[in-house]
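There's a structure below that I have some questions on.
As written, the chains take the letters A, B and C, and residue 1 is the first residue of each chain.
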Amino acid sequence: MRNIFSCLIIALTFFSFNANSVTLRAVMENVPDTKFIQELLPEFTEKTGIEVEFEVMGYGEMHPKLVPSLTASTGSYDFMPVDFYWVGEFDKAGWMMPLDDMIAKDGFDTSVYFNSLMELTGKVGDTTYMLPFYNYAMGLTVRKDLIENASNQAEFKSKYGMELKIPTEWDEYLKQVEFFTDKDNGFYGVVNQGGKADPIAMEWSNYLFARGGAFHDQNWNGLLNSSNAVDALNDYISMINNYGPIGAESFSFDEAFNVAAQGNAYSYLTYNWFLGSYNDPEQSSVVDKMALIPVPGEGGLNGAWGWSIPKSSPNPEAAWEFLKWVESPDIAKRRAEMGGAATRKDVFDDPALNAKFDHYPGLKNLLATSKNFPVFTYTPQFVEVMGTELSKAVIGEQDAKTALMNMNNQLEELAAKDGKR
Amino acid sequence: MNKIQFYDRRFGYLFVSPAVLILSIVILAPIVLAIITSFYDYTLINRSFENFIGLKNYFASVSNEKFIHSSIVTIFFVLLVVLFEFLIGFLIAILLNQVEKFRNIYYFILLIPLLINPVVVGLIWRMFLHPQLGILNYLIGLIGIDPVNWLGDPQNAFITIIFVDIWHQVSFMIILLLAGLASIPEEPYEAARVDGANMFEQFRDITLPYMRPVIIITLLIRLIFALKTYDLIYIMTKGGPGDATDIISYYIYRSAFIGLDLGQAASMSVILLLIVCVIIYPLFKFMNRADE
Amino acid sequence: MNSNHIQLIGVTKNFDKNTVVNNISFEIADNEFFVLLGPSGCGKSTTLRMIAGLEDISEGKIISNGVDITEEDPKDRNMAFVFQNYALYPHMNVRKNLSYSLKLRKVEKSKINQKIEWVSNLLKINELLDRKPSQLSGGQRQRVALGRSLVREPNAFLLDEPLSNLDAQLRVEMRQELTLLQKDLSKTFIYVTHDQVEAMTMASRICIMNHGEVLQIGKPQEVYDKPNSIFVAKFLANPVNNILKSKIIKKDDSLWIESLNIFINNQNLNNLSEIYFSIRPENLKLNNHDQSYNFEVKIIQIENHGHELLISAQLEFDKQIIYFRTTKDKYFMIGEKIKLYFHIKDLLFFDMITERIIT
């Protein structure tokens, strides 16, 4: 009996040390782009013999999961997607491995990426730390079927004295929201993702930009106490309280999406890749009814993720193999074909894809006009601050001016802490 | 102590030493490390013990109004949650104690929520509580009540969280209190019936005195665990709306991993640890006394 | 109202499919010390608890002083119950234990104190009043349990094996105390026990039960001398009774008891071929005083009980074992053959099938 037992132990130990199969592990967000890659993973394993395991989770869980692994000398994850606003922090802490040598050695072409995206999640200064993975510039999704409806057009014109069309100005959009709200019948002009920290901070940034506001100047002096910002926040408060469904103050992007996808809202400001989900009959009842347009006014919020290899990666060479494969022209195109949000110019210029997706030109335009969130070491912390102050304003615990003043002060404090001013 | 007792003791220590060693490493060492960290300016960006700043982190913590606010929210949460779970749990335990048939089935059903991972509990309830698409508002709509903004209104959110926690954890109380009730002998009750005591008097004069140690221990254990509540808030409200449900463990966590200031977070953790020790102390004394 | 005349009529108790007490009826007169005696599981405690109201009755009636109390709550029956394990309230001191029932009835404080003083003097528990039950010995707890029932001044006391948890010495003392107490109080005591010594020494009447049925009721000496069945004959024995079998053969006008090799005349045995017979060990003598019957036995074993010898011997005929007692000055050898003498009136016969006595 004892001999059998010891044999078993030895056998198990041997198998666990089997050096032939490497398994790459990564934390990935629970979004369509991850699913598209997951479908293609078997091809990678067949080609290279390397297994890949994704730990898929919601956005909020990723940063807390990554940080302990990054601070260890050998972490749990071999490669990672980096959200643009962790870039400052990860760079300062020195957690990312520079990729320039590997890029040069294998002749990987990084000129295919949009410049703005390389600036956001590609290079920091002169060093390349990431390959842009997917973009999530935010845009406005509106019910084009309601806009094209003749009786709506007539009514709108008589009420407001202007044409009902795809909105290009912010005021125009506000009027449309008011027009379409019919709370008694459970239909809302807008659904907001007012949930704390990330959702509300990201969504409101669009309102700020739409009104022509900005976060800070080149010297990192805060600009959040401007009248534009106050108007933008008052807009937001009014949207949630007057024209949106109850509970929007705590919605995540999924929950808000569901309200729109079930046909209960005219508009929803969100990440551009949601368009695919709107047109998926399993998730939505407004297939082909939603249009994706740039945020009316002076621009919306840009966003992207980049692929990076942590310095604490257990298998950096195998990780680089994966990066090369997932960002190869062929795989990138197939991901885009499935509905992925591409970061490469060659994808957007591809005729086949343009034939399939008629929103591509609009999306290209959107990427061109989007603006960036403040990127520095304490970006996540600042997102938290925004989340709290904005949330308090929305529920009426403080007025817009106070909220913005608090945000402004804390932005300047954090910037000073980071040595920016 | 004679020779046999000495060898017995020694054997006992030897037997226990591997476990004690592992526990020391896994539990004691991080605690000690956290306490040490709290006296330094230690951040996740600059992970070094170069800047000793003594009690500065502590002063900063107690004068930090967000920390104070979180503490107050936590205190209210803990008191309400423990109180209601105790009352409801005790009532159910008393009822369950009188049931003979199917008792195991009821027990199992009541136990299920407790067995569910708190993250899953939070996610399920978020779905149920969705103001337009969740089943709860649908059901109350059927009887003509307007949809309730469960998690978006600050007052509601706080109460809703308490309710979900009760749903999740009340069976903890039931288990312990039921075990206590089941161990009470039947005879004093019979003597009381003969003496003329009604149900209430029997409860007050026999059940409660017997249950006193179990009640105290159960309350204290639950209290300590309640102070550590994290998952529910993280999943359901992220401390919002505003900061209506921002409890202390979540606040400390964010200070460490988003604010990246580990020294500050460590000092807040130590303060929390001290509070828990203060609560444990009477429990400890009480349990020692109960051994006599 | 000082009397308590209790009557059970056709009382039956069923637990699911088991009938634990089967259609019993008896009457207890005023001021009796009535003992329910029987082996474990015979239903005596259940019967007592039904009288107290702690168990529901499946069928039948209980009458107390002419009033049907079958449906009454325990507290309304004016009876006190003393439990086998005392059932004291562990979190109250002795004083509070004693006064609990009075407090519930909102009796005024001075009266309560009066009663407590009376009871503690009676039972000599004055020094124990401030102690908690866990600080009392078994005997002390028993007194407090008794005291608790006394304080209520009920019409009847129901005691469920109150002495079985005490050591032998204490039991003897308490037996006497209880007997005296009952006489002092002049109240009905209904007492349950499995110990036939207690029953014999304390009872005014014994009611023997087995398998949920009443077998015999009578004064102790009556039941001892004239048991109506083998069970009673065996049960009431200290330490043991002789119950043996024998064939009966008719010879001329007499009946020959084969195992003992004696001839008797008894008309009731005429038609039987085999019977049980019984003769108590103390009724077998070594000398022929006025006993006219004898038989021979061979000594097998001698037990020295300190105050006497208990000797087992074999019948000559069929080797059945029979016991007899002698004073300790006698000397016997194992294997020795001797004659035992007895008086015919001490020989009892029981039917082979019904096991009941044949008179």
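Everything that follows uses one rule, which is that contacts are C-beta pairs under 8 Å (C-beta built on N, C-alpha and C of every residue); 3 or more make two chains touch, one makes a residue touch a chain.
Being a predicted model, the structure only gives us computed values, none of them experimental.
Novice: Determine the set of chains touching chain A that also touch chain B.
Specialist: none
Novice: Using C-alpha centroids, which chain lies at the maximum separation from chain A?
Specialist: C
Novice: With centres defined from CA atoms, tell me which chain sits nearest the overall protein centre.
Specialist: B
Novice: From the mean C-alpha coordinate of chain A to that of chain B, what's the distance rounded to whole Å?
Specialist: Chain A and chain B have C-alpha centres separated by 36 Å.
Novice: Hey, how far is the Cα centre of chain A from the one of chain C, in Å?
Specialist: From the centre of chain A to the centre of chain C is 90 Å.
Novice: Which whole number of Å gives the spacing of the CA centres of chain B and chain C?
Specialist: Distance between chain centres, rounded to whole Å: 58 Å.
Novice: Which residues of chain B touch chain A in their complex?
Specialist: 44-45, 47, 126, 130-133, 147-154, 157, 234, 237-243, 253-254, 257-260
Novice: For chain B, which residues are in contact with chain C within the complex?
Specialist: 185, 187-188, 190-197, 201, 205-206, 209-210
Novice: Can you list the residues on chain A that touch chain B in the complex?
Specialist: 60, 63-64, 67, 71, 89, 92-93, 186, 194-197, 245-251, 255, 258-259, 262, 264, 377-378, 380-381, 384, 387-388, 391-392, 394-395, 397
Novice: Using the touch definition from the top, list the residues of chain C that touch chain B in their complex.
Specialist: For chain C paired with chain B, touching residues are 52-54, 73-75, 79-81, 83, 85, 87-92, 100-101, 104-105, 148, 152.
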